[in-house]
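Each chain carries a letter (A, B, C and D) given by its place in the written order, and its residues are counted from 1.
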Amino acid sequence: MKREKMTVLSISPLAKDTVEMVLKTKNAVRKAKPGQFLYFQLPGHTLRRPISIAAIDKESGTVTIIFKVTGKGTELMATLPPGSVLDAIGPNGNPFPADENGSNAVLLIGGGIGVPPLYCLGKHFCAQGVKVYSVLGFQSREYVFYEEKFRKLGETVIVTDDGSYGEKGFVTDVLHRFKLYDTYFACGPLMMLKAVTKQLEDVPGFISMEERMGCGIGACYACIIEANTEEGYKKICSDGPVFRAGEVLL
Amino acid sequence: MKREKMTVLSISPLAKDTVEMVLKTKNAVRKAKPGQFLYFQLPGHTLRRPISIAAIDKESGTVTIIFKVTGKGTELMATLPPGSVLDAIGPNGNPFPADENGSNAVLLIGGGIGVPPLYCLGKHFCAQGVKVYSVLGFQSREYVFYEEKFRKLGETVIVTDDGSYGEKGFVTDVLHRFKLYDTYFACGPLMMLKAVTKQLEDVPGFISMEERMGCGIGACYACIIEANTEEGYKKICSDGPVFRAGEVLL
Amino acid sequence: MTSLQVNMAGLTLKNPIMPASGCFGFGKEYSQFFDLNKLGAIVMKAATLEKRLGNPTPRVAETPSGMLNAIGLQNPGVDNIIRDELPFLSQFNSVIIANVAGTTIEEYEEVAKKLSATGQVDALELNISCPNVKEGGIQFGQDPELAKIVTERVKRATHLPVFVKLSPNVADIVSMAKAAEEAGADGLSMINTITGMQIHLPTKRPLLANNTGGLSGPAIKPVAIRMIYEVYPHVSIPIIGMGGISSAEDAVEFLLAGASAVAIGTANFQNPCICPEIIEELPKVLQKYGFNTVEEAIGKAVNR
Amino acid sequence: MTSLQVNMAGLTLKNPIMPASGCFGFGKEYSQFFDLNKLGAIVMKAATLEKRLGNPTPRVAETPSGMLNAIGLQNPGVDNIIRDELPFLSQFNSVIIANVAGTTIEEYEEVAKKLSATGQVDALELNISCPNVKEGGIQFGQDPELAKIVTERVKRATHLPVFVKLSPNVADIVSMAKAAEEAGADGLSMINTITGMQIHLPTKRPLLANNTGGLSGPAIKPVAIRMIYEVYPHVSIPIIGMGGISSAEDAVEFLLAGASAVAIGTANFQNPCICPEIIEELPKVLQKYGFNTVEEAIGKAVNR
């Protein structure tokens, strides 16, 4: 983990309120693993903003992030022209266990803005020859992104809450269609993670969590989540954001 | 007085820590008179910054300001690239009495960053056929600006505190050389204004004052100065910044 | 259509937005920027019995997301205000609230009487919370007993609704609020400024000539929200909320915390049109969060 | 060469800069970013007798030039801290200050005793000002009598210098400071956070699960400076100043107001290297304003 200045190489709208940004980095690109996040400082803001790494390109020395405009900070980020310099700490947190995992086939389950880190992970698995299935849920048609990219990784089902694109329903409505995977990886809203971990109780899985953060590095106890451990808690920023399903209490 | 968006047309260093900025305006340029000021909002700052109008060009629809980088606000202004948009209120305050004045010859006395409004005034007098003499004081050589412009208006003496340019000394050391004027106009540090008004006690004169401001339009009583009036005070932002010498207590 | 109307303390405001005392003078200057009829109410600069010259300058300083002021209640005195300022304000059909200050209880009474007699003032705001004067002001606002006495006495001196303006420079805001209510206050104004200081490095001295000043602006918004939220369940009189409001979203935050109306101070200096801009935005923001009227939003964040 | 050394309460700090309690954990995380030996002192996260899980999340919120936190004193408990955290910290040659919290006077005493017995702690900071726990904490910090008692009792339980950390949520900070001094405190830490709240419009509820939280960051700097300036002439014990410091200029402002050393809290979250950066800048800034040593600057803005 390091503090470094990253340069915005490109910024483009992906879907409604959803922005893709490619950043030139020296340090983070070398160290980053799927599931980790960058912690961005924005002028005029006291707290940094955590954003997951959506793609890592070691050759070009870039990382990609995808973020949804939900408040003042992401609004500001969405207006940064190429050439802007962002102060980032990272890569923060613990990655998905993608190397030591020993899977033959995995199921990725993403909801909304939880989709980006799964793309990074899926690419990683693909490169290792692991089979990748994906179920991605979005609010509605205009929020859908990265469908083609996921299809390139493997079989992909898209659902939308209102059925305006793909199938109508929640990700949990279609999970039963996939059987041939040994581990699942999920990222998305808390409600989705609750439903998914319950439904797939008997399958090994990993989930990625969100919480409002202070330090972002494990020092301030802002981002605690209850856990089935002796201590009774985990820090999302440094013990997570990725946890083994069942390790933390949703 | 109005709130308007002004576009930075050009920005250039004039002298050490001293910046000249040309602004495109619709409203202020039509109404502005020498001695008035603009009140600029800067992102991240609660209070606006008052800056005098240094030149008015009705043909091109621009006003020029000259400011010294003394703190965070002016530092930020100095980095604005051409094309930037500034939120300004103005023209604020009462101008120098340049039209109804009836002078045949005037003496302009400027100190440091008090020089800019006098240039605006001198040009105005020149255009009316009034003879203009100028005495300008600066800290040292590297702070001198607009010497040539003032020479074009009329006889000009430059002094510097350390003698590194022009003559060594304060403006008050050379005032006695000028006799053939009927009114003086002074702007500069409080110490200079005190010395000038004392030395030229018997000559009609006008001075321009500074104070930290809140509203900038006469509503908040932040910028008060004691005065020889029934009320006992004047507001620098709305009754001033220009006062008849002796009207306010320095 | 979203209704912005608010009824409180017997007053009917066409909308809950008003400029805060001391940040809007007596209205004339801002009337250059917009039609004051747009305002729900107008709160005048503090009036004292005699004219006051206030503190030496500098009187204001900028701080992170805020400012300090130490005006020191400068004003022309209540008689001059009645003669020179009230006639201008009374042309507008907004509710007119006079801010009353003093050094002694008798002064508060006297000023309240004079303002009430004009028939041009709709309510009084009792400034027992000015941190910038040596005597009077804040000491009444830090002691529940004194606050009670001054409120009672002013209530007896006027037929107008009285809002008591509370100081945040206390350990227990609820007991101050209750004291004011018990003394007969018709409403509360919260909050006045928090006492602060800035040191000027070049002179190695406090920047303000008065040394300390009152902190206002967005920096204090969380403190204002907290105090209103704390007080709301304990009183049944309406609260005018203030402290760092600079957007319609901020205003709604104050409503949810328990304010019936809100005042805008420091933000006027940044943007002289902030009040009409917030009034225009307010219906959209209320609707966005599911409210059809201002009154529906009041206190909604509080478990009473 | 500008001397940054500070002697206070029997401690020798190589420079006056330390991270503030709760914003730096027990140092490990920040040691990834810089060598902790650079710090004048290190203040640990609050320790209580038993481990505490703190408040529900969300626990932090952003505010204009500041933040709210309601961590609720989560910590592993004093025994675990001594076992797991102190050995790491004691490798560094910076002064180590332990922050002591509790619900009862006995808990403060017990924690103080245990920490003192380790021989690895150089001073204690008595946290009688945490606004985020239901019991203990702030109530000791709002009542001079209680503050006195807890200070006296802890002083008897330790041979270490004791800094009492004051709450700004009081009407009269000077009487709190005097009470601590009379009770034998070796120094004061000022200020802890100001109680605040933010309302989350989409949920129409306070954003923090705890409803209120402590306001910190540049927003509160003017309040901290004012309180230190007020207290300084009335006590003869040193003050560790804090509240919104994010630059060497800010640090010098605190020195001039009367602080002997300063702590940096919220700014660590923005810039994990802020402490060493300020330490590097400090000599230049001191020199710019005519000081050759830190000690020359202390209290220079105050007319004692």
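In this section, a contact is a pair of C-beta atoms (placed from the backbone, for glycine too) under 8 Å apart; a residue touches a chain by one contact, two chains touch by 3 or more.
What you see is a predicted model; the values in this text were computed from it and never measured.
*Asks:* Measuring centre to centre, with centres taken as mean CA positions, what chain is farthest from chain D?
*Replies:* Max centre-to-centre separation from chain D belongs to B.
*Asks:* Between chain B and chain D, tell me the centre distance in angstrom, where each centre is the average of that chain's C-alpha atoms.
*Replies:* 47
*Asks:* Calculate how many whole Å lie between the centre of chain C and the centre of chain D, each centre taken as the average of the chain's C-alpha atoms.
*Replies:* Centre-to-centre distance between chain C and chain D: 34 Å.
*Asks:* Would you mind pulling out the distance in Å between where the CA atoms of chain A average out and where those of chain B do?
*Replies:* Inter-chain centre distance comes to 56 Å.
*Asks:* Need the CA-centroid distance for the pair chain B / chain C, whole Å please.
*Replies:* The answer is 36 Å.
*Asks:* Residues touching two or more other chains, restricted to chain D: which are they?
*Replies:* 63, 65-66, 217-218, in rising order.
*Asks:* Pick one for the touching-chains graph, please: line, ring, star, complete, other.
*Replies:* If you draw each chain as a dot and join those that touch, you get a single closed ring.
*Asks:* Go ahead and list every pair of chains that touch.
*Replies:* Applying the touch criterion to every chain pair yields A-B, A-D, B-C, C-D.
*Asks:* Which part of chain A faces chain D closely enough to touch in the complex?
*Replies:* The contact residues of chain A facing chain D are 1-3, 41, 45-48, 89, 211-226, 231-233, 238.
*Asks:* Can you name the residues of chain D that touch chain A in the complex?
*Replies:* Counting only chain D, the residues touching chain A are 22-25, 28-30, 32-33, 45, 51, 53-54, 57-63, 65-67, 69, 71, 74-76, 217-218, 266, 268-273.
*Asks:* Residue numbers of chain D touching chain C in their complex, please.
*Replies:* So the residues of chain D touching chain C come out as 63-66, 68, 142, 169-171, 194-199, 201-202, 204-206, 211-212, 215, 217-223, 225-226, 229, 244, 249, 252-253, 256-257, 289, 300-301.
*Asks:* Quick check on the complex: what are the chain A residues that touch chain B?
*Replies:* Against chain B, the touching part of chain A is residues 43-44.
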